[in-house]
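Each of the next two complexes has chain A plus one more chain, namely chain B in the first and chain C in the second.
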Partner chain A sequence: MPDHARAQARREWANFGLFLGPALLLLFVFFVAPIVIDLVLAFTDMGRTLAVGKFTFENFERMFTRDTRLLGALGVTFVFVLLTLGIFNVTFALMLALMTTAVPPRLGAFFRAVWLLPRMSPSVVYALLWLWVVDPNERGLLNQIVINVFDMPAIDLRNNHPLLLIILANGFIGASLGMLIFTSAIRSIPEHLFHAARVDGAGAFAIVRHITLPALRWPISYMTIHQSLSLLVSFEYILLITGGGPFYDTTVFSLYAYRRAFETGEYAYGAALSLILVVIGVVAALALWRLMDMKQLLQPPRIEVH
Partner chain B sequence: MSAHDLVVDGGAPVRADWLALARRSWRRRVGGQSMLLAFLIVVSAPIVLPYFWMMVIAFTARTGGVGSDVLWTACAVIAPAVLIYSIVHMTVAAPRLRLIAGAILLVVVGGLLAALIGGRLHLDNFRFLWRADFVEEVRSKATSGAQFPSVWNAFFNSLLLAVAQTLIILTVSSLAGYYISRFAFRGRSAFLQGMLVLHAFPAMTLIIPIFMMLYWIGLLDTIAGVMLVLAAIELPFYVFVMKGFFDGVPWDIEMSAMTDGATRRQAFYMVVLPQVRFGLIAVAVFAFIRAWEEYIFVRTFLIENKNWVMSLYLFWVSDDVMGVDYGIVAAVAVFYVLPSFLLYIFCQKYLTQMTIGGIKG
Partner chain C sequence: MNWKFGFSGMIAGALFCAATTSALAEDVVIKVWSRADRSGPLRAGNIVAAGDTLNKMLAAAGSDKRVKIELNETNAKGYDDDALDLLKAFAVDKGPDIFVLAHEWTGAFAEAGYALNLEDHITKNPELYGDIIVPLWQSVSYKGARYGVPQDSEVRMYFLNNDKLRKLGKTDKEIGAISARVDAGEFTAYDLCDLAGQAVAKGVTKFGILHRPNAGPDFQMMMEGFGNVPYDKAEAKLQASKAGMKDFFTWVKYCVDKKAFSSTNTAMSWDNIEQAAFAKEEALVFFHGVWRVTDQSKAWNLKGKEDYQKKITWINAPAGKKGGKPSNLSHPIAYAVSAKSKNKDLAAFLVGLASQPYVNTRHAVTTNHTPINYGQQAMPEVIEKGWALVAATPMLKYASFMPNSPKIGQYNSIVFKGIQGVETGRLSADAAATFVIDELGNELGKDVIIRN
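For the complex of A and B:
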C-alpha cells in the first residue's frame, strides 16, 4: 500500500523534525558553525574593525616564529594544569571520596556539600572570596592568621606567588567533581568484598589498595582526561582573580588567546590560537568518548511505532 | 573447652578476653573515625571560613573599615560548640539525648553571639537595594565614573536570562531526549556519538567565533543572544540527562496509552512526560543555577550597562568601590548568591538523581 507507506514516511519525518529539530538547529547554529568559523577566522587578518581584509597564513607564522610571550604562556599552562590536576582535581578528590565514605553517611554527605559550595556559588562571588582571603593588607583573611597566629609579616600572594594562588583557587573548586564521581564509584563496589577482605585480615590501607583503587581505575582515568581538558581551556577564575597578571605571569594559553582577541583586538590571531585548543579539545573528547559506557548508551530504542 | 576459646597455631587454647577485645576494637574505631573527621574539618575550614567572612563583612562593615574581631569572636563561640556537639554525637547513641544536647548548645551559642556581637550587626550595607546612587555616595562625586544602573535592573536581566534559558533547555532537551530514547532512525548511533563528542568538547574555546557570529546576526549585546548561546553549549549534557530519565520509564505505559487510542505525541505529552517530572525539575534547577552564575560569556557578549546581569553588576561594583567600602560589595555578593544557595539546598535531592552515560567500570 504505497499511500499508507507514504503517510508513514511523512509521519516519521514530522516526528523527527518535531522532536529532534530544535536541538539540531541550536547545536548547529551555536556550536558546530562556530567551529567552522574559527577555522576560517584563523586564516584572516581581522582586527579591531571586525572586517576581513585578506586571507593569510600570517597568524600561524607569528605564532610559531615571532610570538615571544607564547612560550611563557605555554609554560604557565603546563605548570598550572599539572599541579592543579595532580594535587587537587584527582589526588585530593580521591582522598575526599575515600574519607567521606569512611565516616558515617550523614557526616560524609555534609562534608561533600561543603566542598560543593564553591561549585554552586557564582564565579564572581567565589573570586571575590579569594580576593578577600589574599588581600595584601592586614585585613586579608590569610594575613589576619599569618600576622596574629604565626607572627610573620603580611604576605601578598597575588603579586608575589600568583601561580600558587590560581592553583589553590582552581583546586578548591576542581576537587569537588572528582569527589562526586569517585564517591558514586566507591558506593557501587559490592559490600561483600569489603567484608571478605576484613575477614581475611586486611587493614584499612590494604582494603583501599586492593579493593577500592582497582575499582576506581576507569573513573580515575576518565577524570584525569576530563579535568585536564577543562583546566586547559577554562580561565574564568584566573581572569577574575589575577586578570592574568601581574604582567603575563598567570596568563595561561586559553586566557592568552582571549586577551589577544578582546584586550588588544587581534581577533584573527586569537582565533588562530584557539584553533589549537579546538584541536586538542576534539582529540580529548574522542579519548573521553572511549571511556564512556558505549554499549549502554547505544542500545537500541525500545519502541519504534511512529 | 568452650566454642569461644581461641586456638592459636594449634597450640594450647587461649582464653580470649572478649570484653577487652571489644573495647579495643571500639577504641580503634572511634580513634580512626575521629582522625578522619579532624582531617576533614581542617581541610574544609578554608572553604567555610571565607563564606563566613563574607557574611561578617556584609552585616558589620562600615565605610572605611572591617572589624575582624567580630569574625574571630564568632569563630571562638561556634568552633567549640561544634566540637562539643561532635563529641556528644559520637559518645551518645540515643537520638533524643543528642537532640536535647544540640538544642542546649544552640541556645547557648545564640545567646553568646547576641551578647558579644549582636550590637555590631546592621543592614546599612544593603542600601544598594533601594538607592542606585550609592557608588557616588561612597566615592566622592567627582571621582565616580559612569552612572550605575539600579540593582533591580541587573536582577531582572539575570532572572530573564536564567528563566528563558532554562525553558529553552527544558523543552529542547526533553523532546530530543525522548526521541533518542525511544525512536529508531537512520544515523541514530552517529548522532549519539556526535552529541557525546560535543558534550565533552570545551565550548569556552569557541568564544571568539561565537562573538563574531552574534555580531554578524545582530544579537551581540542582547540578552536573547547570550540566552541562545548558553542553551546551545549546555544542551548535549541535558539531552543525555533527559535520555537517562526516559530510559527509566517502562514502555508498557506508553503502549497502553496508545492501545487506548492516544497518538504517539499524546502519549509523550500526557503519559510519559509526567513520569519524568523529577528529571525535569533536576534539569531546570541545574540549568537555572548555571545561567544565574554565568560570567565569561555575559562579560564578553553584553556591553551596555542597561544589559548588565547580576554577575557583571557585582563585578563592576567591586571594581569601583572595593578599595573604599568592603561592606557594600559583600552585601551585593550575599544578595547575588542567595538564589543559587536556596535552590541548591532545597533541590539537592533532585540534583543527585542526575547521571550521565555511566562510566565504564
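For the complex of A and C:
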C-alpha cells in the first residue's frame, strides 16, 4: 500500500475514533454491557450474597410456571403505558403545543415554562407534592377542594384509584417533552402556509387539521415510540407515590423486577424478569417502527421546501 | 558556622525522631457498620466507647498502638434492607469488622461465611460474657453455635389509650383488668377489634388500631394467637399452616369490617402514624414496643410510672380464641464480628467491652430496651430510669423470638402483603390465606414446609 493511502486510512480511523468513539463507548458501557450482564445473570442462581453457584434455567421455569404475579404486573404495565401515552404524553402534549403557539409568544413561553416546572424539580419533591395533593385526610389539597368547594366527602385516590393516580402523576410530568418537540415542529412550518390558508378562508380548526397536524406526523410518531419505551421501564414516581401498592395494584413490570432484585435480594430472578422487559421493549419498538413507517422519515427528502 | 550546622542538625534529628515515633505508633482501624436507628443510637456508640476504653488501657500499658473506630451509619429504612446492603458490601469485599444486625439475620450471615463463629471467644472469656441473660443467646445461635452477641431485647405490646377508653364508658376498674383478662385468655383478639371498632363508630377516635406500616416482626406476634408458629425446630425450617393462616386472615377481615384496622394504615409513613398515635391521640390502640414509652411520655408530658399508667394500658397480643394463650415477641439486635476481618480477635474483644453493664445500661435506659446482663437489673439507673422495662418484663413470659432463618425476611414481607391486601379491600380472608400460602411456596420453595 502506498504511503499516502496508508496515511489516508490512518486518518480515517483517527476520525472514526474521534467522532464516533465517545458515542460508541457510551453505547457500549450503558447499553450493550448491561444487557449482556443481565443476560448472563438471568441464567444464574445469584442471590443475596452476589455469589454465582451454578448456571440454571430455574429462573425461567419459576417465571413461567409458578410466578402468580407476573401476568398481573404485565396487565398493569399495559394499562399504565397505554393510558399515560394516549392521554398525556401525546394527546395532551399536542394540545399544549397547539395552544401555547396559538397565543401571543410571551404568554405561550410562560405557560410552557410552567409545564416544564415539574421536570426541573427533583423527582422526590414532585412525588411529595403529589402525596400532599392526594392525602386521604382533609389536609390534602384535593380534599380541601372537594370538601370546601364541592361540599363532598373526602376522597382517597391512593387507595381507591391508585392506577389513575400514577397515570396523572406520570402524565403531567411526561407531557412537557412532547410539548417542546411539537412546539418546535409547529414553529418550523413555513409561515406562508398559514397566511395562504387564511386567505383561502380557513378557520382555526381547519388550519390545525390541514396544515399543522400533517406537519406533525413524524414528531408524533417519534414521541409515541420514544415515550412508550420510556414508560415501559419507568417506575420512579410509582415507587415514590404508591410504592407499587396498595397490594400489587400499581406494580408495573419494571417495578416488579426491581422489587424482586433489590428488595428480596433475588438478583438472578430480577435479571430474568428484566430480560423479559428487554424483549418486550425490542418487540414493541420494532412493531411501532413498522406501524408508523418510520423508515420513510429517515430517507432523504425528495424536494427541499424553503 | 558550626553552631548553625549543629542547630540544623538538632532540628533534623528531632524531626527524624518525631517521624519514626509516629511511624511506630500504629493505628488499628476497626470498621463498624450500623443502621442509623433513632431507637438505638448507642448500639454503634457503645463500640466507639469500647474503643476509648481500650485506648486508655493501651496508653496505661505504655503501648503506642491505638484503636481507631470508623463508623458507617447507614440510612436503610429497616433492618432487612440494611442486611441486604451489608451482604452486598461483603460480596465486593467492602465489609466492616463489626456489624449490627437484627438477630434473625444471624443465620444468613453465618451461612454466607461473613459472621464469625464466636462460640470459642465467648466460652474462653466468661469475665466478659458470663452474666448475659441466658435465653438471649438463643436469638443469635445458628446450628448450635453463637454468631453474635445480643445488645438488647424488648417487649412488644398493644398500647391502649385510657382516656379514650374512659370516653367509651369504661370504668378505671374495667380498664385495669384488661391486661390480666388478655393473659387469662378471656379477652380475645376479636374483643380487641370490637373495642377498637366501637371507638371509631362512636367517633371517639379516628383510628381503631394502628400498626407498623411496613413488613416487620410485629405481625408474627399477632399471628401466633391463631396458632401460626413460623418455624419448625425439629426440621429447622420455616413453616406455614393453611388453617392457621385462614384463621388469622379471617380475624384481620373482621377487624377491617369493624373499622378497627384502617385501609390507609399501610400507606401511612411512620411519621404520620406517630403523629396520629401520640400527639393527636387519634388512635385507641397503637401496636409497637416498650421503647415507645419515651416518645409517649414526651408527647403527653408524663412524669414517671404512675403518670404513665394513668394514661396508657399495655396488653400482650390476645389469643384468637377464648381460653387461648396470649403472645409476645422479643427481637434482639446483636453485634456480629466479620469472619473476613483482619482483626477478628480485636473486634471480638471490642464487642465484649461494649456488652458490659455500664455502657449497655446507657443504651437500655435511654431507649427503653431491656438490658442484656442479669446484673444490670439491680443497677440504680435501671431501677430509677428504666421503670418501664421493669414493669414490662413480666410480659416476656409469653415471648418468643423470630426464627433464625435466612429467609424470614421474605416470609414476613409476604405475610405483610396479605395483610395489606385485606386491609385495603383487595383480598378476602380466604384469598389472603391462599395468596400467602402460594407465595410462600413459590418464593421459598424447599425452605418452607406448608402444612394443612
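Note that in this section the second predicted complex is superposed on the first by the 247 of 306 C-alpha atoms of A that agree within 3 Å, B and C clash if a C-alpha of one lies under 4 Å from a C-alpha of the other, contacts with A are read in each partner's own complex, and residues count from 1 in each chain.
The rule we apply is simple: a contact is a pair of C-beta atoms (placed from the backbone, for glycine too) under 8 Å apart; a residue touches a chain by one contact, two chains touch by 3 or more.
Fair warning: this is a prediction, and the values are worked out from it, not measured in the lab.
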(request) Decide which partner touches more residues of chain A, taking chain B and chain C as the two options. (result) B
(request) For A:Asp67, decide between first (touching chain B), second (touching chain C), both and neither. (result) second
(message) If we overlay the two complexes on their shared chain A, which of chain B and chain C does A:Ile207 touch? Say first, second, both or neither.
(response) neither
(request) Figure out whether A:Pro246 sits in contact with chain B (first) or chain C (second), or with both, or with neither. (result) second
(request) Name the contact category of A:Leu163: first (chain B only), second (chain C only), both, or neither. (result) neither
(message) With both complexes superposed on chain A, which partner does A:Pro136 reach: first (chain B), second (chain C), both or neither?
(response) second
(request) Name the contact category of A:Ala271: first (chain B only), second (chain C only), both, or neither. (result) first
(request) Report for A:Phe262: first if it touches chain B alone, second if chain C alone, otherwise both or neither. (result) both
(message) One more residue to check, A:Asp38. First (chain B), second (chain C), both or neither?
(response) first
(request) Determine, under the contact definition given at the top, whether A:Ile155 touches first (chain B), second (chain C), both, or neither. (result) neither
(request) Would you please give the residues of chain A that touch chain B in one complex and also touch chain C in the other complex? (result) 50, 262
(request) Within their complex, state which residues of chain C touch chain A. (result) 81, 84, 87-88, 90-92, 108, 112, 114, 263-264, 266-267, 409-410, 413, 417, 420-421, 424-427, 438-439, 441-443
(request) Under the touch definition given earlier, write down the residues of chain B that touch chain A in their complex. (result) 32-33, 36-37, 39-40, 43-44, 46-51, 53-54, 57, 66, 68, 71-72, 168, 171-173, 175-176, 178-185, 188-189, 191-193, 195-213, 215, 228-229, 231-233, 235-236, 239, 251, 254-255, 258, 264-265, 289, 292-293, 295-296, 300, 310-311, 314-315, 318, 322, 326, 329-330, 333, 336-337, 340-341, 344, 348, 357-361
(message) So in the complex, the part of chain A that touches chain B is made up of which residues?
(response) 12, 15-16, 18-20, 22-23, 26-27, 29-35, 37-38, 41, 46, 50, 96, 99-100, 102-104, 107, 111, 113-118, 120-125, 128-133, 139, 141, 144, 172, 181, 185, 188, 204, 215, 218-219, 222, 226, 229-230, 232-236, 239-240, 254, 257-258, 261-262, 267, 270-271, 274, 277-278, 281-282, 284-286, 288-289, 291-293, 296-298, 300-306
(message) Residue numbers of chain A touching chain C in their complex, please.
(response) 48-51, 62, 66-68, 136, 156, 158-159, 242-243, 245-249, 262-265
